[in-house]
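In what follows, chain A forms one complex with chain B and a second complex with chain C.
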Partner chain A sequence: MIDIISEYGGLLIAALGQTLLLALLGLFFACIIGVIFGIMSVVKNKVLNVIARIFVDVIRGIPMIVLAFFIFFGVPMFCNTILHLPDKVTLSGLQAGVICLALNCGAYMAEIIRAGVQAVDIGQMEAARSLGMSYSKAMAKVIMPQAIKIMIPSIINQFIITLKDTSILSVIGFPELVNTAKNIIAINFQSFQVWAIVAVMYLIVILILSRLSKILERRLSYGEHRRKDER
Partner chain B sequence: MANTGAKTRDNKASRDIKIHVSHLKKSYGHNEVLKDISVDVYEGEVVVVLGPSGGGKSTFLRCLNGLEEINGGEVIVDGHQIDARKKEINKIRENIGMVFQHFNLFNNYNVLRNLTLAPIEVRKIEKSKAEEKAREMLSKVGLLEKVNAYPSQLSGGQKQRVAIARSLCMEPDIMLFDEPTSALDPEMIGEVLAVMKQLAQEGMTMVVVSHEIGFAKEVADRVLFMEGGYVLEEGTPEEVIMHPKEARTIDFFNKVLI
Partner chain C sequence: MKKKLAIALSAVMLAGLIAGCGGGNNSNSSSAASASSASSAAAESKETEKKTEDTAKAETSSGKKWSIATDTVFKPFEYTDADGNFVGIDVDILAAVAEDQGFDYELNSLGWDASIAACQAGQADGMIAGASITDERKESGWIFSDPYYDATQCMAVAKDSAIKSFDDLKGKLVAVKTGTQGASYAESLQDEFEFEITYLEDSPTMYQTVSGGQADACFEDTPIMAASIKDGDLALQIVDGSENEGSPYGLAIFNEDNQEFLDLFNAGLANIKKNGKYDEILAKYLG
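And then the complex of A and B:
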């Protein structure tokens, strides 16, 4: 075990770095996509609601491995051999991986946002509106702060899932943790030790994320925890 | 009691009409909740709407500030047509306070911020001025010591009194009360009704949907009895509650007054 760590440790750490890079970029764009489609699904506009619904349904209905192959192999081929674009289109593993994660995680984020907003009691919106606030002001000042608090655990959970989902992108040759581990095993044949090390690496990162989420949740709760302090 | 009611009615001609409702219709899908409602509410008048559940009382009240889109007729408040789909509704709502059955305090803010949010964000009043006003209104409802509490730390009666203070911070001309005591424990009803009674004495124009017959008898200038989407009977509390004419009204008050 020690010898594997000393020999391949640097390589595995670098691969973990690639995994985190992929996850962070993916999550960044997933948040943007999620917020856009999430808001589209809660506004009072049937057309936008339907577009958001279709996006979420399509992405949720496709396994991520199929999405990864489709984006990495299918989309460039479509551009080059069917559309006959003048410049040859290729996607790097990172580009395809980020798009794939962003779409996949974005769809789930949109759902989390929709559910979070709808979980806020309708009376909160009515009270805000009855005081003369516009819909958007009521959303920003009253509904969203409460919805975000409801969403935080689900969002962190989705982050963790997305971090683990980066392993699926080993199939398109991106040098993240799983792909690197496979390459190392191809050289030293020590499956048990290498996969154990990889598992522990994922575990550590995700445990840290879980702790962070607990702290965030506590920070964002109002009223409830103060009651104890007051006495 | 009969005298005060009669006096208000005599004075009507000289008073301004604050709320004018004519031939109001409202349905949810095929379910017609309000069939043909025509009512005028005069300045400084306290109108209590009584009637069985499902009779359209709350829907009627929610039409008055455009929380419900109406399907026919018109609602005019202070000379402004109420249309839930138009932008101007926000401006009109600033002058119509509303108190809800379930209080609907903003859970994410403490009491002070609940009271100052709309004045600061909507009326664009300076923070210090808004807070001063908020404290004034809180002492009016007897809850100044709860200024920093969160809604989750208050009892139902306290929440409702804060909700009333929140509406008052916008300095409304009209206050709408949608079953303000229905979600309260019996021993908390009195404190909320006392605040409402005080408001009525100060001359606030009020429309109150309620099951509190005692409150209606004591405070209302006029009582509407609403059922099945119509106003079946209206008049002073004396007339409607003690001497109802319609068979349905007689039946209702026989049951609730025992």
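And then the complex of A and C:
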């Protein structure tokens, strides 16, 4: 085990770096997509609601591995051979991976945001409106802050799931942790040791993320829960 | 107190039940396998996505059913034809050798990496998947049979590609299949010709990255590349002069205990080469 770590440690750390890069980029765009479609699904406009609904249903209905192949192979092939676009369209592993993660995570985030907003008591909106606030002001100043607090655990959960989903992108050849592990095993045939190391690497990263989320949650709900020593 | 005792006792009983069942299953699986081999020899063998069962005829020398793993798509050595049958040179050679030597076997199409893993874990006894016999592999624990086919590795590019030699690879992306001789060949050239490598799991995906433009070249075994281009309307071409010295293919085992199978295979291979069955198989697939 130790000699594997010393010999391939650098490779694995580099691969972990690629994994984190992919996850961070994916999550960044996923947040944007999630917020856009999330807001679209809660506003009063029926058309926007339907568009958001379709987006979420389509993306949630496709397994991520299928989405990955589709974006990496299918879309360029469609553009090049069926549409015959002038410039040859091609996506790099990173580009396709980020798009895939952003879409997938974004769809789930949209649902989380919708659920979070709808979980805020309807009385809040009524009270805000009766105080004279416009719809958008009420959303921004009253509803959203409360909704965000509700959403945080689910969002962190989704972040963790997305980080683990980066492993799916090994099938398009992106040099993340699982792909690199497979190559190492192809050289030294030490399945158990390498996969154990990789599992621990993912575990450590995700545990750190979970701890951070716990701290964040505690900060945001300061004063809301009765502490044990109080009565 | 009584309630807690009751719960504790039932938990212990449950644990004992599960352990008992699990242990029993492990020892029963080998006898179940031999029972199922007898029944499947009688019944029609069903084709599922990953498994194809080919059982040989009556006389078995040791009575053991050998579990052999192979790749999913590696035309013409193993692949699924238009009618959904799992065929290929490896499949036919194994069948011919089994008939000649009179042993029972089961051929599972797991994929390249998965076959190696299965052999090492003991889930498969050996693998026949167009695996090249090399010294590095022998040192890593591969035990090979006698060679049954000579092959080199080559580089293939898209039909309209400007790459004509290794020098044109500078700064480009090359697709390879994990753990193969093609991958080793590419890695050996990487520093000299300065290109990046991306690793895919199977041959079709590797070809697609080149024909789709995601990668600029791929390295594959020459007979496989030639056959796939000819039959599959693959928009690739082999780059002239890119072939290496190559090495022959062999059936591989990873556990010395299975040497008996290797001896059976070698004997059978010698026989089918002598009686012309081998040439028949090659002619069928290579024309």
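Everything that follows uses one rule, which is that the second predicted complex is superposed on the first by the 222 of 231 C-alpha atoms of A that agree within 3 Å, B and C clash if a C-alpha of one lies under 4 Å from a C-alpha of the other, contacts with A are read in each partner's own complex, and residues count from 1 in each chain.
Methods note: a contact is a pair of C-beta atoms (placed from the backbone, for glycine too) under 8 Å apart; a residue touches a chain by one contact, two chains touch by 3 or more.
None of these values were measured; they are calculated from a predicted model.
Asks: What is the contact status of A:M139 with respect to chain B (first) and chain C (second): first, second, both, or neither?
Replies: Neither partner.
Asks: Answer with first, second, both or neither: which of chain B and chain C does A:A30 touch in the superposed model?
Replies: After superposing on A, A:A30 lies clear of both chain B and chain C.
Asks: Quick check on the superposed pair: does A:F189 touch chain B, chain C, both, or neither? Answer first, second, both or neither.
Replies: second
Asks: Could you look at A:C100 and tell me whether it touches chain B, chain C, both or neither (first, second, both, neither)?
Replies: Neither partner.
Asks: Report for A:V56: first if it touches chain B alone, second if chain C alone, otherwise both or neither.
Replies: The answer is neither, since A:V56 touches no partner chain.
Asks: In the overlay, answer first, second, both or neither for which of chain B and chain C A:V171 touches.
Replies: second
Asks: Quick one: in the complex, what on chain B touches chain A?
Replies: Touching chain A: residues 65, 67, 90-91, 93-94, 96-98, 100, 102, 104-108, 110, 117-118, 121-123, 150-153, 163, 166-167, 170 of chain B.
Asks: Give every residue of chain A touching chain C within the complex, in rising order.
Replies: Its residues touching chain C are 72-73, 76-77, 80, 88-93, 170-175, 179, 182-183, 185-189, 191.
Asks: For chain C, which residues are in contact with chain A within the complex?
Replies: The touching residues are 113, 116-117, 120-121, 140-141, 175, 178-179, 183, 198-201, 205, 208-209, 212-215.
Asks: So in the complex, the part of chain A that touches chain B is made up of which residues?
Replies: Residues 121, 123-124, 126-134, 137, 141-142, 145-146, 149, 222-224, 226-227, 230 of chain A touch chain B in their complex.
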